[in-house]
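Below is one structure. I have some questions about it.
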Amino acid sequence: MSIATQEGVTGQDHRVFVTGCEAVARAVMTAKPSVIASYPITPQTEIVEKLSLFIGENGSECQFIAVESEHSALSACIGASSCGVRTFTATSSHGLLYMAEMVHWAAIARLPIVMANANRALGSGWNIWADHLDALSLRDAGWIQFFASSVQEVYDTILIAFRVAENEGVMLPAMVNLDGFLLTHINQPLNLVDDDLYISEFLDDLKMEHALNFDSPHTLGTLIAPTDNYRVQHDRKVGMERAKTVIREAEEEFLRLFGRAYSPVPEYRTDDAEVLLVAMGTLAKEAEEAVDIMRFRGIKAGLLQVRQFRPFPDEIIDILERSPADTIVVVDRNYSGGCGGILAQEIKARLYSADVKREIVSVIAGLGGQDISAEDLVEIVKIRGGEYWWGI
Amino acid sequence: MIEVRFHSRGGQGGATAAKILGMAAFLDGKYSASLAVYGAERRGAAVVAGTRISDSEVRRYSNLKSPDYVVILDPVLVEIADVTEGADAKTIFLINNRGERPAALEDFILYSVDATTISLDLGLKVAGTPVLNTPMLGALAKLGLVKQNSLKKAIRQTYSEPKNIKAADLAHERVVRVQNRRFILEESEEFAEEVYETIEEAV
Amino acid sequence: MVVAETKKQDRLSKNRINKAEYLLKGNSSCPGCTAMLAIRHILKAAGPDTFALVGACCAVVCEGVYPNTCMAIPTLDTAFACTAAMASGVRAAVRDRGINVIAIAGDGGTVDIGVQALSGAIERNDDFLYVCYDNEAYGNTGMQRSGSTPFGAVTTTTPFGKREDKKDIAAIIGAHNPPYMATACASYPIDLQRKVERALSIEGTKFIHVLAPCPPGWRISTDKAIEVGKLAVKSCSFFLYEMEERKIRMSKPSINAIKKPIPVREYYRVQGRFARMSDEEIEISQQKIDANIAYFREVCDL
């Protein structure tokens, strides 16, 4: 489906067997940030630990700030980024929500910070397992958001995220989401990129016109009156629109240089599908297995993986428009209280705007790490009706 | 696709065993994925870890439901964990003990190796307790899952203590199939019948 | 659940430990955990008329998984940064001073992410006892460094040994001049209980800092945890004292230690987390300790 690997691009010594967390750390070191400020939180702790190790081992120029909270982590990154240097942080669920005001802040300040977020459920009630509500509850903050479905994809998407975030026409922070434990802790084979090639060809030096400097001293983040604030917000919208094309260009360049193909909404066996599954994160991969099982039994099922969540991909409407499928079963690993599964809501809204009519079934599954197997998804595809909670 | 499930107690290296097996399969040129089911991580708590091995991309992340192999690092777990969940007549069990067959594993294919003694004899200990995962992996390799050389390479990449390799090799040699009691009983019943026939004839 | 009734008189008797248990057996702590041991003694000293708050730390995981809990008294588990703030809220609701309010958090949740809320509570003098049990790292998430991790200690985020000094939380809290503050150690349970009793008899925000050796985190064997706590005190790596109205009252074990301290090397030697320290670093550490000894000697007139 989504990852095509050119033969001969990666040799045996460029492949390792590592966790999603280590893959994040390796990608970050390849991008050579100047400042990393991060606070440990299960299940992202290995990212912070590996970064501490890699930085210490290799005499890296990167400064690691051992902050005392997530709010401070993002605040420190904002401070550094405001001076025009490349920064990175990583967090999860409560940590992300603890820095929530700064998450908005970073996007409004147009700072190209890259963050890895391990998707984990929120409490009360400590549940540390995979759930998408943490990142999705900040979907309005204006960050670019990706949801990865494998260790390789996590690694590659971080590498792509730096380039997209730092693009002069975009200049927005980017969040790469990986499922807690399912991706953070799983060991899978990982093809590494050539570090020098990445730096020389794929990622330019960071150029931020608005960074603090002595040549043209200015103040960042002053009071801004009602007469002007909305213009700043509109500028953000323009940047996010541009991100759509910049992301596609970056993905094409990544394929050319490193041999792996990515797109905003990868499709699996959708051409003649009569029913479509839509999912994000590892559920999308598990769903590929489910599609194969169904096809084997003569059911024409297909899968859409929503890999790019923000900016919300126009591609999904194009795909649904031309798809022969009448029924779309959207699996949400989240629930917006008083509203519904978030992916389902967003898709319905877009379909309506595009005047495309399809039956959307919203299935809420996988909350707080609820185990969802390919066999479960085979049953889920049969569900009809408005909203269904798997297991209730 | 092959599924291997590891049952251990926190601190015994069950999760690492799953990773090393995955690494060995990866070195064999296979696609593998290893994951532990994480609960409250306390020393002594029951831990389940799994490895999936395939020739093509492993796309499953869900709990292991139909294990082809079940590895039990600590025989006590047979009492406190559901080690037979999803297992069938073809599942191969490997247990760390002295060749006994626990009642719960009555009808399953069972292999045994005394990993505890192997490690104690080698003086291979961590935090005062014998290392169990590397010898168990050596035994597992004997059952054909991965090449012993790939396994040793994976062990070396994970642990610096060379006794781990020795332990893996010893377990590789010593792992044995545990006979099914019913099979022995049936055999001995047949034998008994033969004896009676002979006696009757004689009489 | 066995909760025996004991007379207040009995609880306060010297060396008489309350037989009742408010921290129940079967909790999921690691073998040799001195943090849970300390909490057990703290709750014995407090008695049944107690509301507890537990921050995001090892202790909350040790409580067990729904639907079980090891706490035999009403307990509110809190988010990481706000244990002290939630305690303020509980006390504002539970106005009967006969009911103790005890907030329990690890060093991470007190010294780092929790210090703001704690500082605010003390400034308001909200009436509760705050206990920080200190295993000198983020134990619950796998031993990452905290501000309370000592110089030279290896943690998963200080793989080459921590460069910075241990944050002296007792001094920080002392600077707020709370009505009562004490330091204690899980290895001296009677001393700890007495301090808890003293604290609970005073109105306002009280703070007790308890050193809690952690076998997996400090890389010691489980049967050595109590001994290591004593070595911390005997080497003056950790001082046991009380502070009221800016006056410091040294506790007996530390008076002895100040008079005749053992070399800090002997404290480091038995812990795997200090294995990376060079002789120079140990010497630097010894000098810092000697300076602290000189300070306390002067302040306490020893």
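When the chains are written out, they are named A, B and C in that same order, and each has its own residue count from 1.
The definition used in the following text is that contacts are C-beta pairs under 8 Å (C-beta built on N, C-alpha and C of every residue); 3 or more make two chains touch, one makes a residue touch a chain.
These numbers come from a predicted model, not from an experiment.
When the C-beta pairs in contact are tallied for B-C and for A-C, the bigger tally goes to A-C.
Chain centres were defined as the mean of their Cα atoms; on that basis the chain farthest from subunit B turns out to be C.
Chain centres here are Cα means. That of subunit A falls 38 Å from that of subunit B.
Look at where the CA atoms of subunit B average out and do the same for subunit C: the two points lie 43 Å apart. If you average the CA atoms of subunit A and of subunit C, the two centres end up 40 Å from each other.
Of all residues in subunit A, none touches two or more other chains.
Touching of two or more other chains is recorded for residues 61, 142 of subunit C. Those residues of subunit C that touch subunit B in the complex are listed here as 28-31, 61-62, 64-65, 142, 216, 221.
Interface residues of subunit A, counted against subunit C in their complex, comprise 39-42, 45, 48-49, 52-53, 56, 66, 68-71, 94, 98, 123-126.
Interface of subunit A with subunit B (complex): residues 15, 17, 43, 128-129, 150, 179, 181-183, 185-189, 282, 285-286, 288-289, 371-376.
By the touch criterion given at the top, residues 11, 39-45, 127-128 of subunit B touch subunit C in their complex. Interface residues of subunit B, counted against subunit A in their complex, comprise 18-19, 22-23, 26, 31-36, 38, 57-63, 65.
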